[in-house]
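Got a structure here, written out as structure tokens. Questions coming.
Here the chain labels run A, B and C in written order, and each chain numbers its own residues starting at 1.
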Amino acid sequence: MFRAIAATQWKSTRTTALLAAVAAFSLPIAALQAARGVENAQMFINIVQGWSAGYALLAAGAGLLLALAAWGPDHQGRHVYALSLPISRSRYAMLRFGAGALFIGPIALALFFGALTVIATGAIPQGLHAYPFALTLRFLFAALVAYAIFFAIGAATTRTAAVILGAIGALLFAQFLLYTLDVDFNLLERVGELIFGNPGILSVFSGRWTLIDV
Amino acid sequence: MTFAIETKDLSCRVGRAFQVSQLDMHVPQRSVYGFLGPNGAGKTTTIRLLLGLLKPNAGRITVLGRAMPDEYAAVLARTGYVPERPHVYPSLSIAEAMRLHSSFYPTWDQRWATDLMAQFQLDVTRRVGALSKGEAGKLLMLLALAQRPDLLVLDEPTDGLDPVVRRDILAAVLQFVTDHEATVLISSHLVHELERICDWIGLMDAGKLVAEMPMQDFKNGIKRLRVAAAPDNLGTAPFTLLSRERNGSVEQWLVRGWAPGMHEYLASVGASVREVVDLDLEEGFVELLRSARQRAR
Amino acid sequence: MSSARALALLIALGLPQPIAAQKIRMYEQRLDSLAAAQRFAAAARQAYELAQRRDYTRFDSVVVGPMRIRATPALNSLAQSGADSVVASLKPQYGRALDALVGHVFVVRDEQVREGDRNASYVVIAEVAADGRELEPQVVVPEVGIVRNVLLSKTLRTLLANTDSAFVNWLHSTSLPSDTASSQAWLQARIDLLSSYAIVSRHCYEGDLAACRVALGLTPSRDPVMDWLSAAERRQIVHQLDDRYWVRMDREAARICYGGSDSTCAALLHASREFLPDPIATLRRSELFQLAMVSGGPGAMERALLTRGTPEQRLVAAARLPADSIVRRWLTLVRDVRKPSEDMSPIVAATSMGWILFCGALAYRSSRWR
């Protein structure tokens, strides 16, 4: 059952997964290329670290697209096929979840091999070190978190999605009201800290992402 | 008589305007039950309720001896379902769709699926989304039949299909019924189609089950009579008066359960039968609907 | 030559085109009047500070060992706890050197600051000069930890100021260390060495102890231009300085330098010696003493401050080790210390797993499925 679902999900996922894998493999190499020839260690680290956002964005993007692909065929058919299958709905949701999560592995692996390639070039300046395992693991967790979030949203009803959008809209409106009333309270900043700060749901995305460090 | 499907006071509101209301339905086991009704009568909604795709607001549903929607997984494992619109993922090829579908049903018969494939002349490499309406209909029927279900639920399976395809599909259904002791619930608004294969009929209109009877009774028992001098009170008539229209001195009656010797009864109450008209299935269907709507008003 | 004239000439030299003599005189006069205005402002500020001298006789006295504080009665306990903490934390290392605080008085007083339509209470911490002025007052919120840290910082600054100017200039820091160094410090030192513009720092990283002594300033360099830099670096720095408008380079000499004449490059840099920064941050020198705290044990900073001599002699006294041993230990730490990657930690993993499971449970329980 899982294999069958994974096989069908692979069909709608493979292009995304392959492109993401290529991007993941290339990112560390591109970061190294950007810093090539820089002998100043601090400058080297700064340049490589400048690609931090790339890892985070790729993880988030891969998670989002794989989650969309997981539910895409069911959304298209208004879930009639899934609901008419002789398994519990929760089990079906878990099978879908597992199948999609499976495809994040190869993307993370591609990143790992990209990192190993960087190390193999020997272009890392003296005194600096590479952390391929840590970077890959973080990427994996970040992509899985993004995948889980969007998978949960995809599994929900339209009403739930509307509630979430409404909540975001209400937050923005509340901030606007505070600003208009000259109240010195940055609501968006506080919410941002809750979400991106430890142990927020997106905390894995914040902070430094760097393959090469001191 | 045991029933494969039984509902009691089933009610469900769908949106603001439409609802299925106090539905009492009985589909005998091993019957081919034709579920008739005009467009928008609630047939598809009822089928979705029976299969657990919708939750009722009130009432009880029993399918294959199990309560729905609580035991949906067990029921669906023994039920083949062909929905109104194709529900299989369009990006899959036919072979992939079969592989996926078969993984959920331990009773899947691959050999028969292959035979049906040949019978329906389907190419396994073709994508589901690229199939014509007829080919998609055949595929859905193949998937439902190859499961070897105890209950086959078909929602307008031949709607919009050409006569050749319709014939192929119905032939497969009949073959299945012949070979297996399965129950078939088939909904349609094409009366003549159902006449050929069904042995029970349920007529639905505006969310209510208007009539439910063996097909034989439906075919033979509904007559239009022209009656003169009939009293208002007929007493205990041996037939069921479905509708009565006054048109001058002669009334037009629609009756169910009419038998040849019933002229005498009418004579006993002072009425006389001027004419007895046999209705074909479609006319009977229309008359039944009309009388039901009149009663509802 | 008056300073105004020198400044005027400098400006004139800095301008792209030659300037007439009368304009130099005009600049001279303008600078004279600016200087006069600056002197007036400084005098006015001094007068203001003198006028702000407070009568501390009505303040409470807080005495903890050699530390003396004048505190407003309401802040007595805050000052007391701050002083207790500072003395307790410094005593093991600084010992008798703390006695230098005896002649110094600090003040901890309240200050009301208008914020919008209300008054907010703050604490002002400063050293009180002999004439009653408050030196470098710091305004902070009345929190125990913050007050303690400010008192600590001012105490260490005072202790340093009490040593000789040679040591103060060498340390180039505003205060002495209060604790041993963290691993982050060694990592930063490594970055410093590897990012330095000067070849002497890289030689140091490669293990050349003599280069380390030069980079750390333990061995005074008679000719930094030649000791710190390679020929290529000299040429590169001439180029960088040439780009800066406030450094007036001899264009012809610069051209010869770029052509490959190292002696010309060196001569240009000798003329602009004040623009050459130290090979590595002088903060690293403070870290030598933090290392000395470890090897020298309790009383290390006491020995450092009470020893009269060169910075190296103070360091040796503090660490109870030869200078080369200290430098060797420093270099070992700088080269060998590793830190775990900031990319990943058990907390990140656990948090992520938690959210993944939570979202999975949400999908599991979605109302679409019930």
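We take it that contacts are C-beta pairs under 8 Å (C-beta built on N, C-alpha and C of every residue); 3 or more make two chains touch, one makes a residue touch a chain.
As the structure is a prediction and not an experimental result, all values here were calculated from the model.
Comparing mean CA positions across the assembly, the chain most remote from chain C is B. No other two chains have as many C-beta pairs in contact as A-C. Of all chains present, the one whose mean CA position sits nearest the global mean of protein CA atoms is A. The mean-CA centres of chain A and chain B are about 50 angstrom from one another, to the nearest whole unit. Distance between chain centres (mean CA atoms), chain B to chain C: 90 Å. One inter-chain figure worth recording: chain A and chain C are separated by 41 Å, centre to centre, where each centre is the mean of the chain's CA atoms. Chain contacts: chain B has no residue touching two or more partner chains.
Within the complex formed with chain A, the chain C residues making contact are 187-188, 190-191, 193-195, 205, 335, 338-344, 347-349, 351-356, 358-360, 362-370.
Of all residues in chain A, those touching chain C in their complex are 40-43, 45, 79, 89-90, 92-94, 97, 125-129, 131, 133-135, 137-138, 141-142, 144-145, 148-149, 151-152, 154-157, 160, 198-199, 201, 203-204, 207-210, 213-214. Taken together, the chain A residues at the contact with chain B in this complex read 1, 3-5, 7-8, 11-12, 73, 76-77, 80-81, 83-88.
The residues of chain B lying in touch with chain A in their complex are 51-53, 73-79, 81, 83, 85-92, 96, 99-100, 103-105.
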